[in-house]
Amino acid sequence: MNAINVLAQAVVNGLLIGGVYALVAVGLNLMFGVMKLVNFAHGEFLMMGMYVAVALAGLALPATFLGIYWVAVPAMLIMAVVGAVFYLLLLDRAAKFGESPQILLTIGLSIGGQGLAQVLRGSDFKLVPNPINGAALHLGSIYFQVGPAISFTVAIAVTIVMAWILRSTRFGKSARAVAESVETAEMLGIDARRVYMITTAIAIGLVGLAGALVIPYHFTFPNVGQNFVVVAFLAIVIAGLGSVIGAVFGGLLLGVMQSLTAAYLDIDLSTAAIYVLFLAVLLLRPQGLFSRGQRTL
Amino acid sequence: MTALLALGGVAKSFGAVQSLVDVTFAIEDHGIVGLIGPNGAGKSTLINVLTGVYAPNSGTVYFAGRDIAALSTADRARIGLVRTFQRPHPILDLTCIEGVMVGGLCRGLSQAEARSEAHEKLELLGLANVADYSPRKLPTGHLKLLDFLRVLMLRPRLVLLDELMAGLSHNELEVVQGVIEQLAQTGITFLVVEHLMGVIRRLSRHLVVMDAGQIVTEGEPTTVIHDPRVVAAYLGDDVESGSGDGASHA
Amino acid sequence: MLEVSGIRTGYEGVEVVHDVDLAVNEGETVCVLGANGAGKSTMLRAIMRQLPLWGGSVRFLGEVLTDAKAFVPAHHGMGYVPEGRGMLASLTVRENLEMGAYPLRAQASFAANLERVLALFPALMPRLEHAAGDLSGGQAQMLAIGRALMGSPKLLVLDEPSLGLAPQIVAQVYVVLGQLKAEGQAILLVEQTVGKALALSDRAYVLDRGRVVLCGRCAEVKNDKLLRDAYLGL
Amino acid sequence: FSARAADQINIAIIVPLSGPNASVGEQAVNAAKLAVADVNDTGGIKSMGGAKLNLIIADATNDPQGAINTSERVLSQNTVAGAYGLALSPLTTAALPAFVKHHVAVITSAISDTLVTPNNGGYLFQIAPKGSAFGNQQVEFLKFLNATYKMGISKAAILYVNNPYGIATKNGVEQLAKNAGLEIGLDSAYPGDITDASPLVSKIEQSGAQVLFPVSYITDSSLILTALRSANSHVLVIGGGAGFIWPPIGKSLGDKVNGLTSVASWNLDSKNVVADPKLVDVTKRYASAYGTFMPEQAGEAYAGISVLAAAIEAAKSDDPAKVRDALAAIDVKSGGGSLMQPGEVAFDANGANRYVQPVMIQWQSGIPHTVFPESVATSKVAKP
Amino acid sequence: MKRTLVILVVWALFASAGILLRNNYLVSVATSAAFLAVWGQSWNVLGGLSGNISLGHSMFVAIPAYVTILLFQRADVSPLLGALLGIAAAVALAAVIGAATLRLTGPYFSLATLAAGAVVLSLILHYDELTSGPSGIPISFAHDAPEKLEFTNVRAYYLIAITLLAAVTIFLDMIKRSRLGYYIAAIKSSEAAAAAAGVRVAWVKVLAFCLSAALTALGGVFYVFFIGFADPNFLAGLALSVKIALIAVVGGTGFLIGPIIGAVFYESIDAVANAYFGAAGGWDVMILGLSVVAIVMTDPRGLCFMAERLWQAIPFRPKVSISARGV
């Protein structure tokens, strides 16, 4: 492979896996943006989405090319419902009490969720045999892994839709108002709790979708969430908490960073590298790349 | 004598917005200077620049004959250049008196000294009764007074008051204005930003008018107030009373 | 149209407003006066259902709002300019105004209202696309009032609208309030700066330490001995 | 707790049963139950009047602190004749002092060489082959392939997950590959939690290596294999055990797994197993009970528990110190212990298993078959 | 003062209890709980006083531990001296990170510290010639050597741990009432107001961060000798960082004894769940996690507030505050 190809391939790989990070990050950032809540259990919701998708895929068609993707929409809807319940049962109460209780709650859920998954589905690794896994498109000497490529495309699409919703729909505007100040929003006639519930449902639904898109090429097991979600966290901070477009950008950026370090520096440092990049961005632009500072005085 | 505070061609813009275009003026030692101007004229921005919250895009700021460009907000406060906020900034995790003490501690007082002095200050404004309350329990008006007392604990030379008295009731206005005049006697200089013309008329010995980020005019209050530009830009038909009519009889 | 009877409320167990009765009739302008910390804002927040009622009831146009959530009054046509303005800081000025028209009942007259508000506060015009958080104190106050008007409210509730406004603007605001009143707009007004408030209003309440100590037609209130030296300093 | 019927002998299995390595622990526990049942059904510990074994199962968790606390609990609240487990070398290293303090011997399936050194206090016995031995076997196997199939492979790439298991195994490969005159085109660690292996594959391609020695756990091994396939890479993969021989990889790849070769510390159809119908039966019963073929961790656990039982038998006592001495002296040639290749188990002064050597397996028709070395192989290598 | 006395009395009680207690297991669990509590307290200098939630504190456990051991094993520097150097190293790192994260608050700060911690871990793992990488460093010793911090009896470490705990708690109480305490409180509410009152915000923030790191490091040094094995993935791992923050918050930030209550709660649930459900696989973890959730649901502010509420519910209770309120 010549130098150009190496670079091109590295960038492609980075973008594709970045797409997955992005898809996980979008929901995370939506919840933070609107509810000021960092959901440390997001990874476990991804895990849950994956288990749901695996279960569905077990029902039909996993062996046909692309057949396995029929589970995406049902998985997303199921997880959306889970999200709504999650809000009504837990968040609704904890959200009132500021940062630390939320961290407590979501971390508790994260730990408990992993245990629960093992109790319910066992500790072993599940991956339904399917033609997507390992399939690739070859353009010249560059190749695209089909699975990641699909998640990438969906990630971009989802972002555009979400951005549009937030910018232009009545719900989107009310969500942004609530994000700014619950008291003012309610004063203007917006039902903040309803906005919160819908937001959570969307966010968890999206991570469910992410899960469904990942299962064709990644094992499902109780701790799988962690592998993705940490990067997703970094992604949303780089982007600027709350910015949906940014989340995707951050995801892609980190993906590419990871694969470039692997290609040119040292595979083993690829994790360290994204953290370093993360810190660098944070120090230069504390508010993230995509959000601006506010007048405080 | 050199002016206590001297600004030369200070400019500050936020992106497209030119908050301060070119501000040049000086404040002599002793006395109370009023600063008025339409909403958005740049008064608060000016205070933020003076106290080092914003770095000016250009221009110089001299305090007590010394260029303070390099100093942090805290250090400016420690050499006697302090301010209050248009929106109050209470210290929620401390009681009212403790919040005021902070200023004294920064001056190097022991906790005991700081506490007793803070108590005197609170009595001065008739807030002694809330000394041990949490600031959460105070109305906005009083929170600003706490900010005021906190910085007074530093024994400042120049105090920049950003609409300290907006939202105070008549009687409180009386008290606060009394205190300010009293302190002015002891040699503290004040820059008073207010929209309450009553207050401005009563307190200021010298009046500066800003508009659109520039000094429009300055001078002896009564003459300035009747300056047609000021009337047009700021007071409207309202010369006599001003919005501070609650306090305008003096 | 607004009937408040015997409401009690406060913060963290401390009762701040002790059974207050208050009424605003169709087309009437009522002002509430009182010292700093008297409980005026607290009372308004209770009426706007932002604070829980510890007792008493709130009825608006026959609807009982006593147990209503904070987002309900807006839909019944109560427009509120809170103390401290409640800017939606990261939204643009325009979006803030749009949110003012959130209740469906206000959507129809959106364009007209927007025109009216910008005519009223031309200072906002050049800043329409800027973040509301960057506005100066006074600009923010204008936006808050404008936003309330965007909801074409049946009752306009203002908490110290002149606070931090340049005299000229204050004058304008009161001119506008005058116009609105003339158009038959009902107004509930809390003010520190008594003169203008009394001049505008039909009736006045005086609040002292959370209790109504005086209410009546403005003329009478103005001349009440106790009041003149105690609060108004006229 | 510690009140016990005289006819009952406690032995403990302490392995991770929660967290990322839970499945490793579960395989071991499954087999251990089987082994205990088999001992008890065949008359228990005869030298002690047919006393029955009682298996105490405990979760070693995933961190040293957890392993220590669990071990302390199990050992101080029960009289334990001997123990098996801890599976991962960090947990084993951390918990070992507790075993020494309580004079209880522990048989482990953790492979790192550093465990079996003079300063392990004499209470640790390693039933699995040493990590360094794996490399030897892989390289020998490669030579064998070169010889039989004229593959002319001269350039190798080594990728290992950056954890103790990875390092222990990789060190061996590195050394012996060099000794065997192989050129090392790529030699790199990678983080255990990677979510995409294509960067690794690019590296391999660039290095121009013809053979890859990957030391991986389950997710990463799967990612590597599929990424190789996506890249149409023709590099020969000789897996470093773990992920490459666990049931899930077979399940997930379907028939695409066939032909894949790997080293293993144990395999279900080595000569010693096939030779003894009882042992074959064990693997059959495991499969029918737990739905997968009997994997490496399970084989080791079954053998380990059986060896422990044999030691108790020999010691004629459940006094842990005596059992430990019996273990040190033991030489198992038959029964459950001979499940471990080459069919005989004895420990040297440092507690390392004298006879054991890793085997090379190849996935054929969805199951790992032992194909190398001839001494234990039962199937022919299909050209990979 | 009075409070310091109470702390010392409680310390004495626990010390004697530990010495008399025959059961090694309980002692070693208690010891790990005590160390955890020490870290929780240290964390509280940041999380409690200044409201900045750090998710990278395990790096301040790992770094001094590694420095001490490496200096000891490679250059045989006495662990006592090594400990000082190790703590110094931790403080130095804290100063850098503190200065770098100055402008960050809320989740930005939390995730920045999380990232910093992750970098430290991957560096320890990567430079294995120096740190012996993921294999970690065993500290094996057969007999006591106090000057090397080596004790064969757990109780030694138990005593060290609770002594540290008492010391740190008293220290924290002093900070709270000190000048620094006021400054930190001011900054927490409003940096602008603090600066306007003359508080050198940047300096105070970094100082608080370094203090927190130093105290954590102190615990870290002894701890690693207690478990006798420096395992990077554990000592420098995210799990430990989270655990430290978790117990402090579960206990109830705003209470002097919050982290202690939190640590005891967490470790006992962990121990019990592991003992009775460990064999079942997954149950122990699930119980641990969900019990945390349960607490948030009953009182989001944590155990101490819960206790306080129960206390207030008692009809004829003596007029004493059971818990030092307000850190």
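Order of writing sets the labels: A, B, C, D and E. Residues in every chain begin at 1.
What we mean here is this: contacts are C-beta pairs under 8 Å (C-beta built on N, C-alpha and C of every residue); 3 or more make two chains touch, one makes a residue touch a chain.
Everything numeric in this text was worked out from a predicted model, so none of it was measured.
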{"item": "Farthest chain (mean CA position) relative to subunit E", "value": "C"}
{"item": "Chain at maximum distance from subunit A, centres defined as averaged CA atoms", "value": "B"}
{"item": "Between subunit E and subunit A, distance of the C-alpha-averaged centres to the nearest whole Å", "value": "31"}
{"item": "Intercentroid distance (Cα basis), subunit E paired with subunit B, Å", "value": "44"}
{"item": "Distance between the centres, which are taken as Cα means, of subunit D and subunit B, whole angstrom", "value": "76"}
{"item": "Chain centre separation in whole Å, for subunit E relative to subunit C (CA means)", "value": "50"}
{"item": "Numbers and ranges of subunit C residues touching at least 2 other chains", "value": "134"}
{"item": "Residues within subunit B bordering two or more other chains", "value": "44, 53, 85-87"}
{"item": "In subunit D, residues with contacts to at least two other chains", "value": "17-19, 22, 25-26, 162, 189, 191"}
{"item": "In the complex with subunit D, residue positions of subunit E that touch it", "value": "23-25, 28-29, 32, 122, 125-126, 128, 133-136, 138, 140, 152, 227-229, 231, 233-234, 237, 239-240, 271, 274-275, 278-282, 284-285"}
{"item": "Touch list for subunit E against partner subunit A, complex", "value": "47, 51, 53, 100-101, 103-104, 106-108, 110-112, 114-116, 118-119, 122-123, 125-126, 192, 238, 242, 245-246, 249-250, 253, 280-293, 295-297, 300-302"}
{"item": "Footprint of subunit A on subunit D - complex, ascending", "value": "17-20, 22-23, 25-26, 159, 162, 188-191, 193-196, 198-200, 202-203, 205-206, 218-219, 222-223, 225-227, 229-232, 246-248, 251-254, 256"}
{"item": "Of subunit A, residues touching subunit D in the complex", "value": "1, 6, 9-10, 13, 16-17, 20, 114-115, 118, 122-129, 133-136, 138, 143, 145-146, 148, 217-219, 221-224, 226-228, 231, 255, 258-259, 262-263, 266-268, 270-271"}
{"item": "Touch list for subunit A against partner subunit C, complex", "value": "173-174, 176-177, 179-181, 183-192, 292, 294-295"}
